[in-house]
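Chain naming follows the written order as A, B, C, D, E and F, and within any one chain the residues start at number 1.
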Amino acid sequence: MTGVAPLPRQEIDDVLRRALAEDLALAGDLTSSAVVPIDHISSTRITARAGGTIAGLAPAIRVFDLLDGDVSPTLHVADGDRVEAGTTLATVQGSSRAILSGERTCLNLLGHLSGIATSTRSVVDLVEPFGTRVADTRKTTPGLRALEKYAVRCGGGSNHRFGLNDAVMIKDNHLVVAKTVGDAVRMARRSIGHTVSITVEVDRLDQIDEAVAAGADVILVDNLRDDDLRRAVELIDGQAIIEASGGITPATAAGIAATGVDVISLGWITHSAPRLDVALDF
Amino acid sequence: MTGVAPLPRQEIDDVLRRALAEDLALAGDLTSSAVVPIDHISSTRITARAGGTIAGLAPAIRVFDLLDGDVSPTLHVADGDRVEAGTTLATVQGSSRAILSGERTCLNLLGHLSGIATSTRSVVDLVEPFGTRVADTRKTTPGLRALEKYAVRCGGGSNHRFGLNDAVMIKDNHLVVAKTVGDAVRMARRSIGHTVSITVEVDRLDQIDEAVAAGADVILVDNLRDDDLRRAVELIDGQAIIEASGGITPATAAGIAATGVDVISLGWITHSAPRLDVALDF
Amino acid sequence: MTGVAPLPRQEIDDVLRRALAEDLALAGDLTSSAVVPIDHISSTRITARAGGTIAGLAPAIRVFDLLDGDVSPTLHVADGDRVEAGTTLATVQGSSRAILSGERTCLNLLGHLSGIATSTRSVVDLVEPFGTRVADTRKTTPGLRALEKYAVRCGGGSNHRFGLNDAVMIKDNHLVVAKTVGDAVRMARRSIGHTVSITVEVDRLDQIDEAVAAGADVILVDNLRDDDLRRAVELIDGQAIIEASGGITPATAAGIAATGVDVISLGWITHSAPRLDVALDF
Amino acid sequence: MTGVAPLPRQEIDDVLRRALAEDLALAGDLTSSAVVPIDHISSTRITARAGGTIAGLAPAIRVFDLLDGDVSPTLHVADGDRVEAGTTLATVQGSSRAILSGERTCLNLLGHLSGIATSTRSVVDLVEPFGTRVADTRKTTPGLRALEKYAVRCGGGSNHRFGLNDAVMIKDNHLVVAKTVGDAVRMARRSIGHTVSITVEVDRLDQIDEAVAAGADVILVDNLRDDDLRRAVELIDGQAIIEASGGITPATAAGIAATGVDVISLGWITHSAPRLDVALDF
Amino acid sequence: MTGVAPLPRQEIDDVLRRALAEDLALAGDLTSSAVVPIDHISSTRITARAGGTIAGLAPAIRVFDLLDGDVSPTLHVADGDRVEAGTTLATVQGSSRAILSGERTCLNLLGHLSGIATSTRSVVDLVEPFGTRVADTRKTTPGLRALEKYAVRCGGGSNHRFGLNDAVMIKDNHLVVAKTVGDAVRMARRSIGHTVSITVEVDRLDQIDEAVAAGADVILVDNLRDDDLRRAVELIDGQAIIEASGGITPATAAGIAATGVDVISLGWITHSAPRLDVALDF
Amino acid sequence: MTGVAPLPRQEIDDVLRRALAEDLALAGDLTSSAVVPIDHISSTRITARAGGTIAGLAPAIRVFDLLDGDVSPTLHVADGDRVEAGTTLATVQGSSRAILSGERTCLNLLGHLSGIATSTRSVVDLVEPFGTRVADTRKTTPGLRALEKYAVRCGGGSNHRFGLNDAVMIKDNHLVVAKTVGDAVRMARRSIGHTVSITVEVDRLDQIDEAVAAGADVILVDNLRDDDLRRAVELIDGQAIIEASGGITPATAAGIAATGVDVISLGWITHSAPRLDVALDF
């Protein structure tokens, strides 16, 4: 895949600077300072030790720029590309000290984001035949939401709302207060701007008519069985986007997609995706 | 378990403020503002939906303090405690809006750190009978190293160095430059302060004598088979701490511990631990 | 008016801390330090010297908390309230030095935001009879967007998108690249998440059918005469929200609202609203 | 006009980074990412749609540097220049995405600062024949004081103190505490450094002798009629700088200048100046 | 001495947070966490081990607030007070861990600032009989200017300008460009605001007339002998403030003061003052 | 000089940006803006006015990069070099305004750090013949610990721990709580990671056996006479590193080194080192 729009640079740099501060602190890289001559130059390769979908390569490699202007990287793949185990992702040449000092920060970011992209892609492959989208959630790692949602896009996924600020989602906890789905949607519509969409979470089929009537843009059907989902798709009948969520796994994704829902959303692709194994070799 | 020393408050607050900024951005919580009266009060419970070891409960709950001074939480377990599925971890009472606005940040942090503690604890349980320690690595999520290493402690694990700055570790990439293990250790010893320890990574038994002779404090044996590890333990014979690493899993941990190594270190407990499922219910 | 949802505290505090740093710098308040005894206590009033709509009262008064814990304010009106000239908005009692040191920061913020609320309200009053909403734009002061958009809400207005990040708006400059309105809408729909809405700017009636057919959520009609606007309302016929913009003033607002558009958006309510005259008196 | 000393770069970059963070947040520029190819190049012009005095052109254009190193701007006028409606201020060539993403931040800053310069210049033109200076106040927008005071200089104005920290100004609120003008000046003189000047605000002619005798450097005459101002000028007789303030407008400025005061100070040139209309066209 | 105006709290907190981050980093206080029970309470005293003048006591003790809300300090002296060796400055009761973790930050700040106050006071005592002021310079430690200049005030000294921003000082390096003292003063007067003072550095008596004629507010006489200083005082004759600087030590200060200069300024009181020995005892 | 590893760039830049903000604040460099043409170019030299050991030259000169890209410095010595009075350390060519604006920040940093290096070197020269190391302490200036410890390395010294976070040191205040040296060491060993060393402070000879037996890595002998130190060296007999501290001066350093201790640590080389006199001349 190509063409995932790059992240704003200041978002990347903020994350990298915090990571470098964690790793270098006040004393810097004690080992490299002690055993590597300051003018030693190396030529190194970043490789994927397992197959997967890459995300965060350019952001991760930018760490060497922040450490030393004299490191020159060459990228061999692009974010969103699928790679086999053993693929060289990039070559990095320059100051050995800078490469050693930045190596862990680079790999931590690249492995984490590529893990998310790989997990996302595994589900996207299953549901794409049905025209169903795979969306993320707000279950992200504190401080990395922009990067993790970027990784989801690299994996062929689609972004759900980025925060509490950019879309309304009325969930069960809100209904404890607001009583009915219809009232809640109408209260929200009066309060928000005209470019903001409203999602309502329902966990019973009999809430759907009310949600549609109140003008919800998206109906999130939580934890229903496939036959109930099919019934929900019929009831909604194109009057709102229908999103399924709740414990969806690769084992159940295709079945759910086959019910005709527009979107499935999954928390685990961001909160529990295992890291893609990546390495930097001299 | 009790008595894990709490994190410095400003480290926690920095993480929480970044997370809140991600979630609230400029517009705040559109949904709660629209459907929840400003003076509505709720009583809620945070529960573990799966069994595991808790980490980050007090830090996660602090998010409500940052949002609104009028939310009062009560903790029912402490960081480091093992809990069964269904356990109430804390109750949180106060402004419904503040609770709804902070819910996701709270749960993201708690679930992430408890996932790390739970994974750590699963290995600690296996190797404790052998007196072997479980240590983490620097394979952490950018921006969360302090918190993730705290979670490892909550899981009964022990912290390896925190960064490039607080201990020397001479790895294969350094030896490309420094040629011999002995030379590298001696160069490091001259360069560093007298409170800093030196770890040397070896991947062949014939490097061990040289490392011991040069005065390494820790010998990290990478990717050796159990019988080679046993031989390494004999060769080192108490003259240095011996640490095993390289692809150690719950399936192999006990066998490795039985070889007599002092420490096993694992990256996946921080970089690939699945989240512990936690929820906040009204 | 009551019930405008308050801003997140950390957004307010960031603005106030920057403002205090501007005013106090390294030397602090030279005058108060020189002529006011440290234990001198005052009772002061914040008043509106002109009539208008209040915004930012609680945020502005919070400056005294940041300076000194011993100042206690009492608010007499709420954000969103309309007041006559001479109204006491709040009383502030406590350390004279703290009150003098924070006075200018408090009044600058309160006067600026209330100016925006007052300008907004003046247009809202004109178009409310037609059921038309008044929306803001992204023409805000750098660093104050969250607060200025809050002030618009206090004035009875509605918020347009907060940034480039939370809604799509396809403008003339994009069409230089994307060629047709229909293509642009379809490209955007494929790229964005399912909770994001699409606005298309048109400046000719013949673009409307294409925009509607492509599924735009909002059609922004730029700089058309009232009779063309009426025709646009007929063409769109409820299939999209219709927003009018382009040089709308109090003199023209009611006429435009009468055409039946759903929303009018105005830049000047944020970028050129004169300050409401407010003062703090001992 | 030429030769206004440029602002420190880190002050500019702080403002621009905050503004970009407001506009791009976590998701970036959704519209440009969706409809503009990443390698699309444009040639654009920034123009003044109304006549006025320019301020902030180089700072505003710097936003494109922060977004993308491959945008090259050419400035056609300098800060402080007066321009007619329709004047091309700068041309900007490079990445279409970067230009679209930075456009609003650039124009918001340029329009705001040029509005201040234009308002300032309108008063400077009226009072220059009398040799009177036009000074600003601390009634600035929170977070933008350095830039707004720079804009005043671009408009031919002069800066009053920048904060509470760099000059003493004894106002009516201080005299509630300090009782007499003379006492207050003497207390301040003892307390402050020898490079700091003292301004005293008087609103009655009978306070002037005391202020002069106590050694005030500047006497700020607040809200007096022109004939009283003339009398004040006679009384002060060159022993202090005389500054007039209080509701001065373009209608009254020349009359006040003709009384012989050295400086007139106006709050509205910073707090209520309407934006200069500027645009960026592809 | 009493009544030195306290520093703005956010200035203090910024310094303390940076210092705590240096000392606690990611792992926190390893020693206290290991050997001190979390609920252990101590009663401790902060004492001066040498005699001197105290500065920064309240700011330094505030570190315990930032670490733990349950530490309660009692101050026994005030900033600006002279104390004998052995004096108890404050008692601090509360969490032993918090006290141990903050001890070094507290003492580093208190010892550094009290060292500056003590050095300042030693010169002030020598020149006070002559009515001469002791002023600091901009030769301060990066990041601590506000606090160090506060310490000078605590020592009875007076602050010279705080930065390049709040007063004009024309030095020899400027005259390489501006040619004559008179031209430079006149250029500055036109450029700066009316509340800003101008200091001119002269190192020859024949420059004084020109400086006075051009209207300099302060004439800084650099490195002249006492008899030349006396002559300078005669030449200036009250038309400007006269400041002596250049290698002034306690040995030469009284002699210089006796020449009749108004101010002597010294760099070493901030850049080379030895720390006052302070300790915290359990 | 040989091979002092340079500091991480972001640590340097953080310090320089804070220093520039102190000096330029909102108004910038009033004097240079007024009297120096914007395009004026100068060639200047930075010289040592006294002999000493240089530290911080490259970091200090970096201030000109942060101010203006068009200043080009040439370094004539390296950090760690010893220089005579009058030595040219660097030449700096470029914008006169940038050089004047950055001069004080540059010299303050260079003079401060070189003062520390010079003091350190003076002790290192005395004890090197005995093979004894000179170590610093945590008695550093708040906010400058990384730079000051770097300066110690430039002076030939060795770094003690950087903070509470990277090594255990059990001091008298801890023993008030932990009762015995042996218990404290054992508690610490259980709690900390395997790469962390333990230092124990003793002030009586009879504590040494217990400390050695408990496995302390370093025994810090505080305030003992030389004959007691000799006895301590015998008792420890190579089983731990032995460090002497407590009021060590150049007058006593050689005598203490002759006792056979491995390390002497001194606070005054960071907290009370007089600045090295450096200057920038046009």
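In this text, a contact is a pair of C-beta atoms (placed from the backbone, for glycine too) under 8 Å apart; a residue touches a chain by one contact, two chains touch by 3 or more.
In this text, all values refer to a predicted model and were calculated from it rather than measured experimentally.
Considering every other chain in turn, the ones in contact with both chain E and chain F prove to be A, B, C, D. Interface note: chain B and chain E, two copies of one sequence, contact each other through mostly non-matching residue numbers (shared numbers fall below half of all numbers used).
Inter-chain centre distance (chain C to chain D, centres taken as mean C-alpha positions): 22 Å.
Chain geometry summary: the mean Cα position of chain A and that of chain E are 52 Å apart.
We define each chain's centre as the mean of its Cα atoms; on that basis chain B and chain C are separated by 44 Å.
Work out the mean CA point of chain D and of chain E, and you get 32 Å between them. Residues of chain B in contact with two or more other chains: 22, 24-29, 32-34, 145-146, 159, 162-163, 165-167, 192, 196.
Taken as a graph of touching chains, this assembly is fully connected, with contact between every pair of chains.
Across the complex, chain A is touched by residues 17, 20-21, 24-28, 32-34, 38, 66-67, 97 of chain D. Listing the residues of chain B that touch chain E in their complex gives 3, 5-11, 145-146, 149, 159, 162-163, 166. Those residues of chain A whose C-beta lies close enough to touch chain B in the complex are 15-16, 18-19, 22-37, 40, 42, 96, 100-101, 103-105, 107-109, 111-112, 115, 138-146, 162-171, 173-174, 176-178, 184, 187-188, 190-192, 196, 268, 271-272, 274-275, 280-282. Contacts from chain B toward chain D in the complex involve residues 22, 25-26.
Residues of chain F that touch chain B in their complex: 133, 135, 158-162, 165-167, 192-197, 199, 217-218, 241, 243, 262-263.
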